[in-house]
Amino acid sequence: MFKPLEMKEKEKASRSDESPKPREIKRRLKAVKKIRRKKRLEPEEVELPLQVAIIGGGAAGMEAASVLAAHRCPVSLFEARSELAVNVKNKYKIFPDFSDAGQLVQTMVKALDHPLITVHKDTEIVEIIQEPDAYILLDNKGVSHTVPAVLLASGYEPFDAKRKEELGFGIYDGVINSLQLETMLKEHKVVNSLGEEPKRVVFLQCVGSRDEKVGNHYCSKICCVTAVKQAIEVKRQQPDTEVYVFYMDLRLWGQGYEELYRQSQEEYNVHFVRGRISEAASTFDGRIQVKAEDTLLGQPLKMTTDLLVLMIGMEASPGTRKLGKACGLEGPYGFVRSKSVHLEDNLSEQEGFFLAGSCKRPMHIAEAVNDGRSAALEIIKFLRR
Amino acid sequence: MTTKKHYWNEYQKEIADDKYFYERSCIRQTFFPGSETAFLRMIKEELGKDILDVENQHTCTGIGFYTDIVPLETTMTIVARLLSLMTEAGYENYVPSCVTSFGVFSEIVDLWEHQPSMLAKARKILYDTTGRTFELPKNIAHPSDIIYKFREELKEKMRYRLVNRFTGKPLRVVEHIGCHYAKIFPNKGVGKAEFPHVLAGMIESWGGEVVDYPERRHCCGFGFRQYVVRANRGYSVANTKKKFESMQPYEPDFVVANCPGCTMFMDKWQYTIAEMEHKTYDKNGFGIPVLTYEEMAGLLLGYDPWELGLQLHQVQSERLLDKLGIPYNPNEKYKSVSGKILPNPEKPQYLRV
Amino acid sequence: MGNLYDLLREDVRFEEALHSCMNCGICTAICPAAEFYDYDPRKIVDTIQRRNEDEIEALLRSETIWYCGQCLSCKTRCPRGNIPAVLIAILRSVSQRMGYFVESEKGLQQFAVSKKVAQTILDIGYCVHPDTMKYEMHTEQGPVWKWYTENIEEIAPRFGANYHGEGPGALRSIRKDTMEEINKIFEATGGKELMRKVETGAKNKTNIRNDEDLFNLVYNRNTSKE
């Protein structure tokens, strides 16, 4: 999709041009430098007369926007959906401290209320053309935007559990995914397929992750702590419900995560079984029968539960896959590839093209926010070079 | 309980549409010879297709292979010989009647694709021992795949539907897929491994209702060496028992299977369980009839039940035939080919016949 | 001489059958043999992965490797793409070739398998045939089967079968030249050698020289409490 310099005349004509042309951008950048030197201004004292484009209105994209604006860099934020931060909005409470996801989103959205930030919702970037010193973005409404730098923050989408047919998601009503459970918890209505309070809830880890059969060898990082959190939340709302978590490993690497696990066992009596459920089937009375091995006992087990919650992993979003491929930055599993994970993780192989957030790999919200912030600073460095 | 359909019935594997080379199944010939005859008749007469049944074919050694008494290289070369029969007859589409054979062929062809040195070896040994050469098949399809593919065309010719004529409701059918049909290579089975559609498609097309139950995917328990050796047979019957216990509350009208072994076991073990434990899984003590897909299709097409070979089943099918509205002459059931009335089989002690 | 692990690895199927195991237990979860026997495919895969010679040898001599029913349900589900059932087949192959199979009751049953299945292939070109499924050996087949096999010449033709006949058709007699080719293939590929090894090994272990007596012993004996 990175098209060569010459565009077809027809294409040029069909696009409405609100933003400056590439040559104009080059000129303006040069002019900015000249003004600085002449007036002996520090770089940060000069307002950049050019917009930076951010593709993706999630945690990383929003944070990058507000940091760029604070550094007097105008920003155009493009979000394909009608709402910002849908992936965060879909959550109820966030680990490890049970902060409210809705409030978090509100705070981040509020920060976008800034004269230098323009938010374009329902706007998908469908094409990116690379020019020297500039990128031309074409959106789904036919408008083109010419910018000196682009930040790709197009994020992830949750794994579609229907692809694991043997687990019965989308087939049996008693099988739900972790996002559906978040909604149930938010509404304080955790129910089984018959609409009743479940006597038992079973969580299954690693659905769509660590699984050659669906093509995702990687670990999605945050599902372990999410299950522990949700297990506690279920027990808080329904203390009489039995809760089981079926896992292969418990990856509780973050601050407070291991303590949450311990709390779930000591205060809430959540049961942990080391075994990966192989299949789920509906019983005659509408409950769900699962088969696993308790590997610590070395014996197969079968269990009937009212609700089976699938801890779904994170995959590259359709936007990430499409744009990553088009820009020649496609990494493993459709995520995008940064220049180097150690010291250049916000840069890409294309100069002026930056990356932030879960379009690169699974991350939790705090990490995506940090990544957006650091990408913003890289962009500022780049523009003021 | 609600079930919804997703990817599996959208997934179609490639099934050749004519010029088939038929390989007979040891178990199907032994227990359900009428099914093979019916299949050939359906393909030739009902569908007007070309299917070749050569005389000098033989076992693929599948059961020997899975009982680990026949080495891989032997099975591989025997498979090569069968393919050479196909090649010399000028055919490219291999149709093994047995599901184990289907699995064996899929495995060997896959091995040859990943390890060309093994293919070279097979060619060499076959040539050195028999002077034969062979080509890889263009397509390998199980006969049930073919019936599935042409289920609508066959439906046009069917006189009957899978409907209970007493109640007007669709018959409730348990479909059982042989393990080696889709578990080895899910991509080689219509609908893949979790919700195979090859039999479900037939049932739905022909008016019946597919029954889902918790142990639907469970092995019937053949287990190869677990049945062949009498000392191990407990394993085999235990597996089938598990399936029937699971399907019992759903009150299926009959069971259909695409693997001849599964059909035989699910039929005969009901007898064994009835005699040992005085238990049957239907309401009346007759057991649940278990049919091959050829018998199911053949009955709906109006083929005579006794020519199809239903009298060889231990669990009797008359009550099912009544539900289907298919007429049959009880006097013809135990006759010989010359019309002589043979003494009837003995009756089991517990299973009603 | 190489060790047992290397011997397993020499099998052309090994590479596909074992990549690496993370001990998730999905195979054991779905394994019918694990339901009914004291059997755990995960543990077997883990043992091989550990490459411990003593443990592998113990496995080759054990009852354990003979419980698998080769349904391949494990293959469908393993998230690392391993195939426990094929590892079992490789273990059984090595166990027979090395002679370890005689140390277990279930392993010795291979003598019966050789007679009942492999010999049948060499004699008549079928794995299974009504002639080798006599009711007395298979009472679980029921009285209808008894009736059928006692009258098969008169009944089979009703279904279009060509019992013992020439030409194509179900249950036909397979041509002599075809049988010769099958036998040649078995000889050239080590098929007959395996049968010989199994039969000699079983006879030496049990000291029973008479085929029928040995067959009846291993065919019927089930003393395992598992």
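Should a chain be cited, it is by its letter among A, B and C, assigned in written order, with residues numbered from 1 in that chain.
Rule of thumb we're sticking to: a contact is a pair of C-beta atoms (placed from the backbone, for glycine too) under 8 Å apart; a residue touches a chain by one contact, two chains touch by 3 or more.
What you see is a predicted model, and the numbers here were worked out from it, not measured in a lab.
**Q** Please state whether A-C or B-C has more C-beta contact pairs across its interface.
**A** B-C
**Q** Please list the single chain whose C-alpha centre lies closest to the global protein C-alpha centre.
**A** That would be chain B.
**Q** Centre to centre, by mean C-alpha position, how many angstrom separate subunit A and subunit B?
**A** Chain centroid spacing, subunit A to subunit B, equals 48 Å.
**Q** Hey, how far is the Cα centre of subunit A from the one of subunit C, in Å?
**A** Inter-chain centre distance comes to 51 Å.
**Q** Need the CA-centroid distance for the pair subunit B / subunit C, whole Å please.
**A** 21
**Q** So which bits of subunit C are touching at least two other chains?
**A** Residue numbers touching two or more other chains: 35.
**Q** For subunit B, which residues are shared contacts with two or more other chains?
**A** Where subunit B meets two or more other chains at a single residue, that happens at 217.
**Q** Two-or-more-chain contact residues of subunit A, please, as numbers and ranges.
**A** 166, 279 - these are the residues of subunit A that touch more than one other chain.
**Q** Inside the complex, what are the residues of subunit A that reach subunit C?
**A** 166, 206, 210-213, 248, 274-279, 291-295, 298-301
**Q** Can you name the residues of subunit C that touch subunit B in the complex?
**A** 11-13, 16, 32-33, 35-37, 66-67, 69-73, 75-76, 89, 92-93, 96, 105-106, 109-110, 112-114, 116-118, 121, 125-130, 133, 137, 140-148, 151, 154-161, 166-172, 174-175, 177-178, 181-182, 184-191, 194-195, 198, 218-222
**Q** Can you list the subunit C residues touching subunit A in their complex?
**A** 22-31, 34-35, 40, 42-43, 77-81
**Q** Tell me, which parts of subunit A touch subunit B in their complex?
**A** Interface residues on subunit A, with respect to subunit B: 162-163, 165-166, 170-173, 279, 281-284, 286, 289.
**Q** Within the complex, which stretch of subunit B touches subunit C?
**A** Residues of subunit B touching subunit C: 24, 26-30, 33-34, 36-37, 53-56, 58-59, 61-64, 66-74, 76-78, 81, 103, 111, 114-115, 118, 125-126, 128-130, 132, 179-180, 182-184, 186, 193, 217-219, 221-226, 228-235, 237-239, 242, 268-269, 271-272, 306-309, 311-314, 334-338, 340, 342-348.
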